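Should a chain be cited, it is by its letter among A, B, C, D and E, assigned in written order, with residues numbered from 1 in that chain.
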Amino acid sequence: MTAQGIFQVLASGLLMGLIYALIAVGLSLIFGLMDVVNFAHGEMLMLAMYAAFGLWAISGIDPVLLMPLVVAAMAIFGALVYLGIVRYAMRAKSNAGMVQIFATFGLAVLIQGLAQFLFSPDYRSINGSFLAGKTVNLLGVFLPAPQVFGGVVSLAAFAGLWLLMTRTDFGKALEATREDQGAVALVGIDRNKIFALGWALGAGLVGLAGAVMAIFYYVHPQVGSGFALVAYVTVALGGFGSVFGALAAGLIVGLVEAATTLVLPSAMKSMGVYVLYLGVVFFRPSGLFGRL
Amino acid sequence: MLLEVDHLTTAYGGLVAVADVSIGVAEGEIVVVAGANGAGKSTLLKSISGLERPRGGTITFAGERIDRLAGHLITSRGLAYVPENKRLFPRLTVRDNLRLGSWLHRREPDREAPLETVFRLFPRLAERLDQRAATLSGGEQQMLAIGRALMSRPRLLMLDEPSQGIMPKLVDEIFAAVKVIRDSGVTVLLVEQRLMESLEIADRAYVLQTGRVVLDGPARQIMDDPEVRRVYLGM
Amino acid sequence: MSLTSFLASPPSRFAARHRRQLHLAVPVVAALAALPFALHDVYLLNVLILTLLYAAMAQSWNILGGYCGQISLGHALYFGIGAYATTLLWVNHGITPWGGMVVGAALSAVTALAVGRLCFRLKGHYFSIATIVIAEIGLLIVHNAEFTGGALGVQWPIAGDGWWSLQFGRAKAPYVWVALGLFAATWLVTWVIEDSPWGYWWRAVKDDVQAAESLGVEVFASKMSAAAVSAAFTAVGGGFYAAYVAYIDPESVMTFRFSLLFALPAVLGGIGTLWGPLVGALVLVPLTEITRSYMGGSGSGLDLVIYGGLIMVVALARPEGLLSLLPRRSR
Amino acid sequence: MTETPLLEVSNVTKRFGGLTANADVSLTVARGEILGLIGPNGAGKSTLFNAIAGAFPIDAGSIRFDGHDITSLPCPARCALGIARTFQVPRSFDSMSVVENVLVGALTRRPKTRAARHAAHEVLDFVGLGSRAEASAGELTPPEKRRLEMARALATEPKLMLLDEVMTGLTPSEAREGVELIRRVRDQGITVIMVEHVMEIVMPLIDRAVVLELGRVLAEGTPKEIVADPRVIAAYLGDRHRAA
Amino acid sequence: ADEVVIGAIYPMSGANAQIGVDARHALETAAEIVNGVHDLDLPTARTAGLPKLGGAKIRLIFADHQGDPQKGRAEAERLITQEKVTAIVGAFHSSVSATVSATCERYALPYVAADSSSPSLHRRGLKFFFRPAAHDEMFSAAMFDFLDEQKKAGKKIETVALFFEDTIFGTDSSNVQRKLAGERGYKVVADVKYRANSPSLTSEVQQLKSADADVVMPSSYTTDALLLVKTMGELGYKPKNMMAQAAGFSEKAVFDAVGDRLEGLVSRASFALDLAAKRKSIAVVNDMFKARAARDLNDNTSRQFNALLVLADAIDRAGSLDGAKIRDALAATDIPGEQTIMPWRAIRFGADGQNELCDPVLIQYLGGKFVTVYPTGVALQAAKWPMNG
């Protein structure tokens, strides 16, 4: 491959990395910061994409403009998931983690079935955004406009989350609730409110990712599962509890994945990411920037 | 009475830890609850603070029934509790633990005002602001737990064995501090094993035995009670 | 200490309770073994076989995940190793599946030790995700390698029914017995371990590593031994599955879904308990099969809604597992 | 043989980031003695226990135990040699019953669970927790948990016990039972180092005291000497104990 | 018997659920034709039900295999023993066809593989296995025949790029293509195996772009087909020619989304809708199908439709519900091409159960619809080559 080709691959990898990071940002809040395992993350992404698709199909408005609506809808959904499901999954004394895994796994199956029931298993895609099909040509390296847009959204989302976690009492309260759910009541924190807000925020961020993804990716009931594993690995690679880590890890994952295709058959491109993860945690057992 | 506990019963599964207990704490008092191990003192405080659900009886705080309220709402009424096992936020720093103590006043400009008192009582905390709570020494953790409770500017402060794990020099200071805290207008409900020291600063006391109140009265009277001295102090 | 007080002392009370589990297991296993004589419906027998297989797999997972507290979400790797070892040895070299299972178990145990060497320093989610990642690496390799048949998978020839080839034509009963045997073996091992030093060490490691170390427990060795036992049994299950389906490909034996499905019965039934995996599998597998079979044909997705919803409800209603419905003593 | 001390801590230093929790600490413990390790909160007592028990590597210095250099030995190996410890913040195996908690310790010297279980029950009776043997460890109250800590440590049949504030939260009369218990432990030939802040309990019990302050050894001597030491009074005991 | 129960095993949930849903429509259309009276030149169409069985009607029972061979097998057993089906049709995934056909063999019950195209399936010596449609080797051979022809006509075709998913389908397809390319003197300049349902195909497309072969030959399903075409656009890559192994490139969803970028795409197919101009039955059946599924018949659905008719015809001729008799009737099948909706010569099974007379066709996407361009016998129009010329 020519030098330019290699550049293209790496640049696209980096861009994809930002998208991975965008998909992971909601998870880094729920999984990384609140320490709640959410096996329905991929399905929440799928729902968000359907929401974007559906709103677009009904209104015909450019999906970029519909983003706030999708985010709001997903935020409400997230809060409901916490209040209706996860809250109860946290009751378990000894194996709360496992119960969360399977409660959310059940939820994932349920959402998939529901999506198939409501939207049919067909593949849908939006072709009505002004961003779609546009490409930025940077010295012969092509960067598709929707992904560039997604990258910018991703960076903004991370900056916002980082500020929230480090600069606000809410961020501290979230951490404290993760540490000891019972004890937060001693300082007057309503753990359900905090966690419901956390879930709303996390799901809202998933909504953001879904809305962006829907512009350039197809939608179908299984679409989320393909991204979920990458998101988990991203959050863990960056390190639980670190917002910045998830962003850095997303970029690294995108880049490494792309670079792997230069050496291995592309069917094995995840191999690079997997080996990287193992390598990193072998030397740094709590990820690149993890605090937990 | 600021706090009235009426015929309270709390159980763990089949084990009744607090049985039909009634106590009252008036505004501005220091009241001590004493009793042997497993007498139900901690359970009593846990029930008042909402960490355990009572099985029967009522708890009234400042005229309001609180026995059905969620824990955080009880705290928000002005009732702070320092549990026996402290329940700090282990991975948060000392600073953040204290800051969260003032969560209820987070929108007020002078939310950090009690910090001065806390640092005056426990200068060690000021030196350890950026250390994670989990890595504090046992005594330092106890200081932080009391400090965190003070940050919420409670009307009633409930302390479960605050002198536990505290070095002798500081124990006296803690009892002195409790007095200072009371004098600043905070009512105190105290569970203590250092009976004599605590009775010295207390106004009244209750003695629990296997979940029941067996004795109550003014602190002096309890202090001189021969039965207490015999059973409790082995004198 | 006098003899009577010795007999009345708690240790023998415990021993009696422990033995009672065995007395309960014998009729349970006997009843299950007799079931094929009463039950002739091929479909139901198939559900029974899968139930027993999943119970055995969950029991194996439970050894590492439930007793030793190492939440592996990559057991599909060991299942795959067993399935492939058995299949390749039989199809290419004519070695009986029984031999394949033994080889698979050994390979799996060795793999688990290697994985453990790498991962047991990791805690919590870092460990779980590492196991997922390693299983995915295994899947990628099998998927792309020549000797495994890659994506094409490997078919078992349709010939030579009998115990030697573990092929029984239309008959299901022998499979019931093999699956039951596997389950009984995993159960028995768990039972023995429950009151063996390893059992206590594993649980100590699960509950509090530092305290365990201070009491002389070799934490790393404990985890490694649990992993090896767990992986070996999982591989035997994989070998059985390959023989039963008579066709394997990477997608059908090594995907992440399997790793979850092995853990699920243990969690639903009661993690770290002797009977939890069986109870969980008895609820879960028929539920899975029946919703799919009798509702899935429409393609509406409603079967998934019901299946997913029920998993959720069971997990939420009994977070400590279905066994927690029983009083503590009888567990 | 009896001449050599059981434990020899030489110049141990342990740092946490910028903080030196133990600075050049040296002390020796003779066989059969009860040594009190006292000092202000945060002086580094628990840190020293951790160093001796092998919970983490130390930055400098060496530790000898019963004729072995154990400085770089992992924690379980130290237990096997005969060092047992309790944790200041009690740790228990909450999925197990009380007796099984102790059984884990007993397995150190007994390969058979049946024998270990017997030993565990005996130890539980010894520390007065016999009636709670079948309870789940998670249900114990803090003082009971401390007793469980002791039982577990005793079950490993150690030569040296490190007791970190096992008697906090006891009423004076209960504490007296605790003191009796520790005496009986010593009578079994077990050497004890104990950390405790309640002087009324420690002083009558210990043979010798070492005082740490800010990670360093501040003073050493008989209880009488220590209580009278103005430095100790200033740093640790406070004025009320001046009289004592 | 007044009814003949036939099992249909398809993926009704999971990543390929849409295939199952479409198959359901196709098979129900076929059953409608068998059961009702239709003036069409198709087997059993003109009579109500199966005449030799006293006008018995066909009833379909669908089962979901979720793409899992084990589940496929279990469902086959259930259909056979509980639902007492007479024969089974399936199963899309070749892996599932492998276990279902083995089960049918055990129960001596005919299995008609409608749309599983792995060549290994008919090479296992099964007696109850029948496949009316082509397998991957035949498809690929047709594609290379076409290339040879273009080359002879003076077009420059020297290099090909293989682009295939890492599944049975992709592997089988590319293996044959690689072999044929070698035999017939085409240079494989890119050989890209990618992970199915990939989140991104950028580096894969970049490899194709760098190689810039004369013909890009994708073997991809819907999701990846969509992504492939989009990514090509994003990277500014216009392949000289694209020649697809159907699959995703015969799905409506792909053309709805990126049809404008696919002008000139050539795909192999079992089906040629434009043949409807010559053969009335095709148009009628397509309309019936469209009324159910809201889309035209395609490569898969036509084969599913056809398979059921072939089966119905054999059951009718057997005049019995006995598996062995139906098997013999299937083996004796002889339906001329004109009596099917397929562009085939005939349906006659070899001893291995494979129909060798089902010549694949090549269709090209021109002006928003597919036209048949090869073989010359059935072609209505000459191919536009190169596609972007």
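Quick notes on this one:
Here is the rule we use: contacts are C-beta pairs under 8 Å (C-beta built on N, C-alpha and C of every residue); 3 or more make two chains touch, one makes a residue touch a chain.
Just so you know, these numbers come straight off a predicted model, no measurement behind them.
Taking the mean Cα position of each chain as its centre, B sits at the greatest distance from subunit C.
Chain pair with the larger contact count among C-E and A-B is C-E, by C-beta pairs in contact.
Chain centres here are Cα means. That of subunit A falls 32 Å from that of subunit C.
Per-chain CA centroids place subunit B at a distance of 76 Å from subunit E. Between subunit B and subunit D the centroid-to-centroid distance comes to 28 Å (mean Cα coordinates, whole Å). Each of the following residues of subunit A touches two or more other chains: 93-94, 112-113, 116, 121, 221, 265, 267-268, 270, 292. Among the residues of subunit C, those in touch with two or more other chains are 143-144, 272, 299, 301, 303-304. For subunit D, the set of residues that touch two or more other chains comprises 94-95. Residue ranges of subunit B in contact with subunit A, taken from their complex: 49-51, 70-76, 80-81, 83, 87-92, 96, 99-101, 103-104, 106, 148-149, 151-152. Residue ranges on subunit E touching subunit C, taken from their complex, read 10, 12-13, 17, 20-21, 24, 61-64, 66-71, 73-75, 77-78, 80-82, 95, 98-99, 102, 105-107, 118, 120, 124, 126, 166-168, 170-172, 193.
Interface residues of subunit D facing subunit B in the complex, by the touch rule stated above, are 16, 19, 39-43, 45-46, 88-89, 139, 141-144, 165, 168-174, 176, 197-199, 235-241. On the subunit E side of its complex with subunit A, the touching residues are 13-15, 17-18, 20-21, 166, 192-195, 197-200, 202-204, 206-207, 209-210, 222-223, 226-227, 230, 233-236, 251, 253-254, 256-257.
On the subunit C side of its complex with subunit D, the touching residues are 9-11, 14-15, 195-197, 200-201, 203-204, 206-208, 210-219, 272.
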